[in-house]
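This structure is in structure tokens; I'll ask about it shortly.
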Amino acid sequence: MDFLVQGFIQALRLLLAGDKEVYSIAFLTLKVSGLATLVSLLLGVPMGLYLAVSRFRGREFLVGGVNAGMGLPPTVVGLWVALFFWRRGPLGFLGLMYTPTAMVIAQTIIATPLVAGLTMSAVQQLSPKLRLQILALGASPLQFWWLIIKEVRLGILAAVMAGFGRVIAEVGASMAVGGNVRWYSRVLTTSIVLEVNKGNFSLALALSFVLLLITYSITYLLTVLQQRRRQA
Amino acid sequence: MTSVLAVKNIVVKRGRRFRLQVDEFAVEPGEVVALIGPNGAGKSTLLTVLACLSLPDKGELFFLREKVSKGNALAVRRQLAVVFQEPLLLDSSVLENAALGLKLRGQKTGAKDRAYTWLQRFGVEHLATQNALTLSGGEAQRVSLARAFALEPKVLLLDEPFASIDVISRSTLIKEFKSVLSSTKTTAILVTHDFQEVLALASRVVILDQGRIRAQGTPRGIAAHEIWGGLAGAQIPPMPGS
Amino acid sequence: MRGEKLFSLLLLVLLVITLTACGTEPAANGEEPLEPEIKDLILSTTTSTQDSGLLDELIPIFEEETGYLVKTIAVGTGKALEMASLGEADVLLVHAPEAEKEVEAAGDVINRQLVMHNDFVLVGPAEDPAGLQELETAPEAFAALFENEAGFVTRGDDSGTDKMEKGIWADLELEPEGDWYIDAGSGMADTLKIASEKAAYTLTDRGTYLALKDTLDLDILFEGDEILLNIYHVMQVNPDKFDGINAAGAEAFVEFMVAKETQDLIGEFGVDRFGSPLFFPDAQ
């Protein structure tokens, strides 16, 4: 019990005292995971829409891939991205290994199937006739997709929450391709692992509270948005 | 007279099977054509083709003598309106829904006023600010009809629009619909199972079976026909006043 | 509709966050005295080294003096050496002399220099059921653990500590197995936690133990044998063997680690916190 209380107090102290390192870690975490979520949204939503609406050879294969990808272990993604970005890897010349950019790429790979899958299932829950109706109302292709996106916006919001929640919580990929370099690529999850290893349990606990606080605030904001919409 | 919509030698396939094969069919201005026939006869398929929602595998579709192709399908669609069996409203207010088609067609100014007038016409203007997904089936279908009429379509295509509405509301709605139809002189194509609707609304009946047109004529003519009368399931009520 | 506006707003906010985030990509520190040709220097080291906190003290000094950006990648000893063999690191700080010599012989690393040592100790419950406190040598202590089947937690993660423990068993020609031999597959801190919970013995580096002492029900029960020394060497990855190695940076780091000022700092590290140093500087 003492531990929890201590950790909580330390977390508050770190936040209130404006501990420079904690703030920089928290900010980098938000930046990396926020960016990854955004990119996965830009990739995953069109992918999900397309897979839900179109019929083509090999579609089942891709849908299966997306569904399997929703549970992709971060460690595996980290390993593969690392293999590509290593100096001797095919993309080694980019010099991206152990950079925040590499972390964004890995997290994007983790979140994109999730966003695509949830978007796809949201669209599939719409009546197939609705698509005909929208076309019949005179929608151009662009207007069509915009209306479909608007129609499944609650599903997309859920996808954003799930994607963000997943990448901000993952540690394996960030550790593998970011390297947990202090002041540079250290995010909340990797620093928690580090502090646990160092035996700084109360600091680790404090950092975990910061992580929970961030995750909860963001998810809460999105939930408010979602639920307000429901009642309208 | 120039047909508003016409098809020539069209073939629609599902896989290898013929779904629809129509050599010639045309709709003249002011007509209300009913498409009837058993399940799977190809009525809805023909309607989708006529509405430019899917191009046929073979054959041609003409809108006011102009051949419809991929290039002008959108422009043609923007002259038509379709009402399906389900109301198919979107997750926004009733007024937004009713004005949606106009907005999509670029008629933004006055869209909401016009939509509101049509909501009034179908007696659902008091629901204007409500979310459309909260409406009952009957209310929603009225909004769907208002949305279609607001577009002032050259042809209004309807796919069993009254089938999901309970019997009591149905007859009232059909009456209102009929009066709107005749006052606006809207050309319409109506897919239906219900011969009562045909009698109430249609000026011509086309019978489809197994993807082909089997017969056409006036509603009473078809009903009286020794073979097709049975298919139409018609038990003709005595015509009021005749 | 309100909901739709909020939705659009959300997209906008995300976009703005992205743009500002892009704008604040880690910029080079303006006040650096030197501008090295290749800035990034990848230091491959072991988790226990990083966990001790020593590098957090030393690396900022090195960075300030030289202008390099050190990317400290803390992994298991096996992986750290593997990174050298693959040319994926520039410089190494590790503590597995035998394995290091092999990598050096293969020509993967050069300029290998002794930096410091710390030592391993056997910790366990205060009652000391295996009676380690009476024993003189580490092999005797391990043999006693084996005979008594006293609970023992092994890291099982192929780390330097793990390798040392397995090496001692192998020298004794003993094969520990059974309920008493618990494979944690974890880092040092977790392994100590498990040993404490299970009232079992484990082999640990002194530094981690001292850092965690207050949270553990474990005492030092055996220490002082020469074979329990943990010897750290620093070395450069061979720039002639691999492309893209930051040779100048690696050489500078090796020099830095064996420099007198750095050695003094190593000798003082931890004294204020634990009352005794965690590392003993060894460079001449």
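We just call them A, B and C in the order they show up, numbering each chain from 1.
To be clear about the criterion, a contact is a pair of C-beta atoms (placed from the backbone, for glycine too) under 8 Å apart; a residue touches a chain by one contact, two chains touch by 3 or more.
None of the values given here were measured: they were computed from a predicted structure.
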item: Chain located farthest away, centre of chain A as origin (C-alpha); value: B
item: Chain closest to the middle, measuring from C-alpha centroids that were averaged per chain; value: A
item: Whole-Å separation of chain centres (CA-atom averages), chain A against chain B; value: 46
item: Distance between chain centroids, defined by C-alpha means - chain A, chain C (Å); value: 30
item: Whole-Å gap between the CA centroids of chain B and chain C; value: 76
item: Per-residue multi-chain contacts in chain B, two or more chains; value: 92
item: Touching two or more other chains - residues of chain C; value: 1, 4
item: Residues of chain A whose C-beta touches two or more other chains; value: 150, 232
item: Complex contacts: residues of chain A adjacent to chain C; value: 30-31, 34-35, 37-38, 41, 86-88, 92, 95, 97-98, 100, 150, 153, 157, 179-182, 184-185, 194, 196-201, 222, 225, 228-229, 232
item: Chain B - residues contacting chain A, complex; value: 48, 51, 53, 74, 77-78, 80-82, 84, 86, 88, 90-92, 100-101, 104-105, 131, 147, 151, 157
item: Contact footprint of chain B on chain A as seen in their complex; value: 127, 129-130, 132-140, 143, 147, 150-151, 232
item: In the complex with chain A, residue positions of chain C that touch it; value: 1-4, 6-7, 10, 14-15, 17-18, 21-22, 24-26, 40, 42, 47, 50-53, 56, 59, 69-74, 86-88, 187-190, 192, 208, 211-212, 215, 242-244
